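Handing you a structure now.
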Amino acid sequence: MADLIMKDVAKAYGEVKVLSNINLDIKQGELIVFVGPSGCGKSTLLRMVAGLESITSGTLSIDGRVVNEVPPAQRGIAMVFQSYALYPHMTVRDNMAFALKIARKSQDEINAAVENAARILQLTPYLDRLPKALSGGQRQRVAIGRAIVRDPKVYLFDEPLSNLDAALRVATRIEIAQLKENMPDSTMIYVTHDQVEAMTLASRIVVLAGGGISQVGTPLDLYERPENEFVAQFIGSPAMNLLPGEIVETGPETVVRLSVGGLVRTAVPTRDSDKGLKVNVGARPEDMVPTEADEHLFEGTVGITEALGEVTLLYFDKKGEAAQVIAKLPGIHAGLRHKTLRLAADPKKIHLFSNGRSLLYR
Amino acid sequence: MLGLGGRKSPLVWVMHLSVLLLVVLWTLPTAGLFITSLRTADQISVSGWWTALSSAERNAITRTPDGSAETQVGDRYVIAGNVLKNGGEVVAFGRSSLKPTQFKPGEVADLGDGITLSVKADGSYELSGPTKLEGGQRIFYTARTPPAFTLGNYAHVLSANGMLRAFMNSLTVAVPATVIPILIAAYAAFALAWMPFPGRSLLIAIIVGLLVVPLQMSLIPILTLYNDIGKATAVDAHGVIGTLMHYSGLGQMSDDGTQIGLNPKSYLGVWLAHTGFGLPLAIFLLRNYMVGLPREIIESARVDGATDFQIFTRIVLPLSFPALASFAIFQFLWTWNDLLVATVFLSHQQDSLVMTGKLKDLLGSHGGDWEILAASAFISISVPLLVFFALQKYLVRGLLAGSVK
Amino acid sequence: MLQQLITAGLTIAVGITAAFGYFYGSNILLDLIFPSKAPGDRGTRNIRRAGVIRPWLFVGPAVLALTLYLVYPVVDSIWLSFHGRDGHEFVGLKNYIWFVGDARIRAAFLNNLLWLLVVPAASTFLGLVSAALTDRIFWGNLAKSLIFMPMAISFVGATVIWKFVYDYRAANQTQIGLLNAIVTWFGGAPEAWITVPFWNNFFLMVILVWIQTGFAMVILSAALRGIPEETIEAAVLDGANGLQIFFRIMVPQIWSTIAVVWTTITITVLKVFDIVYAMTNGQWDTDVLANQMYVWMFEGGGDYGRGATIALIIMLLVVPIMIWNIRNARREMEGR
Amino acid sequence: MFGKFLTAVAGLALVAGAASAADLKFKPGTDPQRFHWDSYDAFAKSHKLDGQTLTIFGPWRGEDQTLFESVLAYFEAATGVKVNYSSSENYEQQIVIDTQAGSPPNIAVLPQPGLIQDLASKGFIQPLPDDTKQWLLDNYAAGPSWVTLSTYKDKTGTPKVMAFPFKIDLKSLVWYSPGNFKDAGYKVPQTMEDLKALTEQIVKDGGTPWCIGLGSGGATGWPATDWVEDLLLRMQPPEVYDGWTTNDVKFTDPKIVDAIKEFGWFALNDKFVDGGSKAVATTDFRDSPKGLFTSPPKCYLHHAASFIPSFFPEGTKLGQDADFFYFPPYASKPDLGRPVEGAGTLVFITKDNPAADAFIDFLKTPIASEVWMAQSSFLTPLKTVNVAAYANDTMKKEGQILLDATTFRFDGSDLMPGKIGAGAFWTGMVDYVGGMSADNVAAEIQKAWDGLK
């Protein structure tokens, strides 16, 4: 029902184009996460959905109705702001009731909705406090409660967790996930720059970069089959290693000679004409395994190691112009520092990019 | 805050001392006025107000009554009395303006023809002579008087005829002339800060420019306009509208009593004039404040379905309370202390005189009575001060409530 | 008296209700004309139309009042400035030529520049200092009230107060002016302060600074409280001392408020003539343009042409501040 | 119901108002040796204007207002007219605004002929009836002087009698304390030469002869213009004075500069003035006469107009504690006679109605003057009044000077255009006592005057 469709949506401030060619089809019940580096326009896009920014061109429709000119309140959306944007002069109860009062709902209806939301968010004891008497997490819950109370078709979250500390962030993240679980029919759009949030919450992720959509897909899609170097590096932590090289063998499996010296085989199929093509070989740190074999992806001296308990991160000394290579080994590996290590990876987990785009998607 | 990190006592002392210095500098002139208002005109003109607390030595002249007041004591005719009316002590006296301190108290001065004058330290004097006295003799004396204060100046000002009326008139002028411009300015400031519309920045520019229009420039054009309106609205004085206008005080009867038009000199006119003159600054200050409100709060309200009108009344207005309160104080002070606008746009009849006008009146046609000026200045600032102290509490509270960001 | 009470109460109530009523009523009316709840596109269109009109409902009364009470007189003055003293005879640029050539006006102009430099700077600075200091001591509110007090005193009252400060008596007499009393107490010779050339300007300016500091303090104090504590704490950790924190961390953060205060006081300076009028009437070379305007406009039957010319020049003087403020406003708008 | 209530309230207010109007200071018919009640009765009989209203705007406030209102009470009682008198601190400015904006009072009263001329030439003043000129010639001492003062050019430039002089102040007076004179053995000087000699004598005796204060807020400087005018009248024929007020004789004319310098002889000598010449410009004119009455006296002489006793210390008895003498003429110029400088208020009609005409008629009756004379601070050149009505001997003496005057001249600075008489002239005098040379001062004032043409 509550489908949200963006068609050729673009945004420009005068001459400056901020967003262009945004085409997106959001189904009811999805939790879509917009991610991207700061300045990529993800918040702007969200605000365009909310109706707080005008749409320069293209159409935005919710439930099959073009809403480009519809004021925010009538789009059936609710929004949770990064700074919570609680009304400082109203109690928690009044904050949550505000929208309903504006809509002239009956007092009983308002009370029921507010109390219901408060119960879901465990805010009942705080209903008569002013926002300044609440902690950051509580404020955030009030902001969410304010959205729930309105029972919107679409929830919009604008980096809702970025003002919270790490522990609270995780806890609130799970709360949001549960909230979604309890409201399977509601559509949510969630903006964040934190890819962990994106991966854990999203039913689909929209990666925005350079004023356009870089890739849309389920979290695992993006993880396993990034369309381009940007998505490949943006999703996953630490970012995917990219090593320049040249295709030396084509076919259903491709062999690439790396400029740093290694030779690597991947499951990516290539055409004959690709021989000699300059490519970037992508391998996620967690896919790298130490090897004694000749055929290796990379050989280098371990600079710094970070032992995180369940895994150990190895940062190899840089070689020439190439980017630093990082490997993530399961378990604890003490004493690898200053050792020279040879690494290989499962050919199925190796990506090939040419001119920034994955060869898989040609 | 500045003293964070231990070792703060010297800095704190410097801070307290400098505030004290500022406060003293800022209150000293007013304190002087206050003390002056408690002194008599003569005291004011001979000694500084800071000497009011010490006993003063001062030269004075008095005159004995004429011969009809004399009594006969033995073979001498005597006129007696006391030069001091309010206590004190005589330290010297004289009989001539050339030597006003010639004699010590108790000494006897020879005035010739057997007439003698003596003044005692307690001020009692005795003029005596062998024949009937003419009296009217001047006595020069130097008296040391203890500090004395009087409420006479205040009594004089407050008891002036029509002062209560003037007070009411001032309130009638000042309250709406404060509320109306704030209301109008708040709406305009909100639109200029948060509602996009074509020509907005031009309008802001014009308003900043209008800040500087001297109101003296507006007096004649506006009053002319008012008079024209009064003539244009003239209706039959005994009709329904005419009667209404008459009793509401809005109307002004024509000379022959048959027509009545809107009175060019009515409270409405003054309010609107004050509104017009106060608006640029009100809009300027309020817009500046409102622009600083967190944008997400307003957007949030918009998403919550509030119309612009609701956003304004339910969100922006309560959050702008500190700015509204401060401007209210300023505007009230201006309208309360204003004389020019009130005299031009209200008739100068006694019954519509405002406080400032009344106080000016008290000074007499030649002015210069400092004791009256001082007392009346204090009476006239009492109301604004009261307003300030009353609103200050809200001002601070409002500031704290508004600082959630 | 009873009638007066009733009329006063009624007029106050009517005046205020009418003002409220307009805004409430007009908005309801607008919503009735363009109902947003109308089905489909019409509702959307109505909302857009109402959105175009609504800002003008909000600024409407203000625009109307400003036009009537300020713009119209300004236009009138522009017209008058090309006419003779009774406002009828066209004289072309004669008044402007007179303005440029007149020695008294030139002196007033130069004095005005001095006022414009000194008074806003001094008031804002003292206001800032007192705001910063009083925010930090336990008797700060009391101190604030006392510093604010001159603001509540009318200009007439203020001049009386300062006459008791500047009063001059000959050397062999008791001084009743505070300043001369202090000077003579230290063994100096009394001085007729308001007649001392050049410096007397400053003695007059002190009065306005004395009045305006409270205004600056109240507004700046509100701004200072809005500064996030963290920035100050960060500066403390960075090893900044009190003064450095104040001038390098706090002042830059409230710069826009300082600009507002500065602008407001500058404009007050341009308009205020009461102080000069009452203290010296421009004698002993203390004239300012606002006083000259008043004198030419009203004294001796008035010369509307020249009075209007001076008023317009005073307005022109504010153009730079206006441009500055517009640029500030534009920057704010871009920043969002 | 509510309407009735309002009417009742209004009625109450009216009753309260009427009660005060009925208070007549002197009951008609009493004290016939001092008052011409017959003129009051005759006026009342011929002017019946019940229910009409008259608005008057004038310069009198405070005590003077009370006095004027006591006179108005007789007019109200005689005619039945309801008079609304009002004034304002800045009445000169107020009348300009009101006439210009089209809401003038019926009657206005102003002390500045220059300003009246200005209003007349803008067409804001109604001419008085044609017989007024003859009436002034017949009834006012030095009549022609008063006719000149009452005549103004209208919009078309035609001279017409437009203002009625009522309530005159005498300038040309020197105030002193008879007791102090007696103590020091000084005699009242009969000639200007004697006055100057007395000035020097006082200095020789160790005293200070003069108290001079020019301070008057925005009007600082005006007392000096009175000095210069008085001296000019005694140094030059009246024609020079008349020419000077119209600028036919320039300010830079040596005759004028000499008069300024003569004032300088008194004011610029540190020994002649209390506080030294520096104090002259800053001392308030209202404070300056107080020096006569201090112990020991700060000064012996004070040049001021007849209204100055209002500023004497409380309890000062005129005639006993304070007295005046006529500012004497030069023995060397006997042909100039005994010129008198004065000032006063002029009444004119700014919005005609029968009550306004009646009011002008009322001012012509002796009783209108006598009621005020019998209280205080009112002088008149009207020959028909009973001088016995004057409240005290000092006033009677002043009135006599007015009646005896061979030449009467109105305050020159009030006759000049406002920008000069109430502007450049004041400033010039302040500059002069501040040390600028008389020639430069005269040149500055003349330049300002040229700038007006």
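Per-chain residue numbering starts at 1, and chain names A, B, C and D are given in the order in which the chains are listed.
In this text, a contact is a pair of C-beta atoms (placed from the backbone, for glycine too) under 8 Å apart; a residue touches a chain by one contact, two chains touch by 3 or more.
All values derive from a computational prediction rather than experimental measurement.
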>> Just to be sure I understand: going only through chains that touch, what's the smallest number of steps from chain B to chain C?
In response: 1
> Measuring centre to centre with C-alpha atoms, which chain is farthest from chain C?
Replying inline: A
> Looking at every pair of chains, which two share the most C-beta contact pairs?
Replying inline: B-C
> chain B to chain D: how many Å between their CA centres?
Replying inline: 30
> How big is the gap, in whole Å, between where the Cα atoms of chain A centre and where those of chain D centre?
Replying inline: 92
> In whole angstrom, what separates the CA-based centres of chain C and chain D?
Replying inline: 39
> Just how far, in Å, is the C-alpha centre of chain B from the one of chain A?
Replying inline: 67
> Can you list the residues of chain D that touch 2 or more other chains?
Replying inline: 6, 10, 90, 97, 100, 217
>> Could you pull out the residues of chain A that touch at least 2 other chains?
In response: 71, 74
>> For chain B, give me the residues that contact two or more of the other chains.
In response: 45, 220, 307, 339, 360, 405
>> If we use the touch criterion from the header, which chain pairs count as touching?
In response: A-B, A-C, B-C, B-D, C-D
> Which positions of chain B touch chain A when the two form their complex?
Replying inline: 294, 296-297, 299-307, 310, 314-315, 318-319, 401-402, 404-405
> chain A touches which residues of chain C in the complex?
Replying inline: 36, 43-45, 47-48, 51
> Along chain A, where are the residues that touch chain C in the complex?
Replying inline: 69-71, 74
> For chain D, which residues are in contact with chain B within the complex?
Replying inline: 3, 6-7, 10, 53, 57, 59-65, 84, 86-90, 94, 97-98, 100-103, 177, 179-180, 183-184, 217, 284, 286-287, 290, 293-297, 307, 310-311, 313-314, 320-321, 351, 353
>> If we count contacts the way the header does, which residues on chain C are in touch with chain D in the complex?
In response: 2-3, 6, 86, 98, 102, 104, 168-170, 173, 192, 194-195, 277-284, 295-296, 298-303
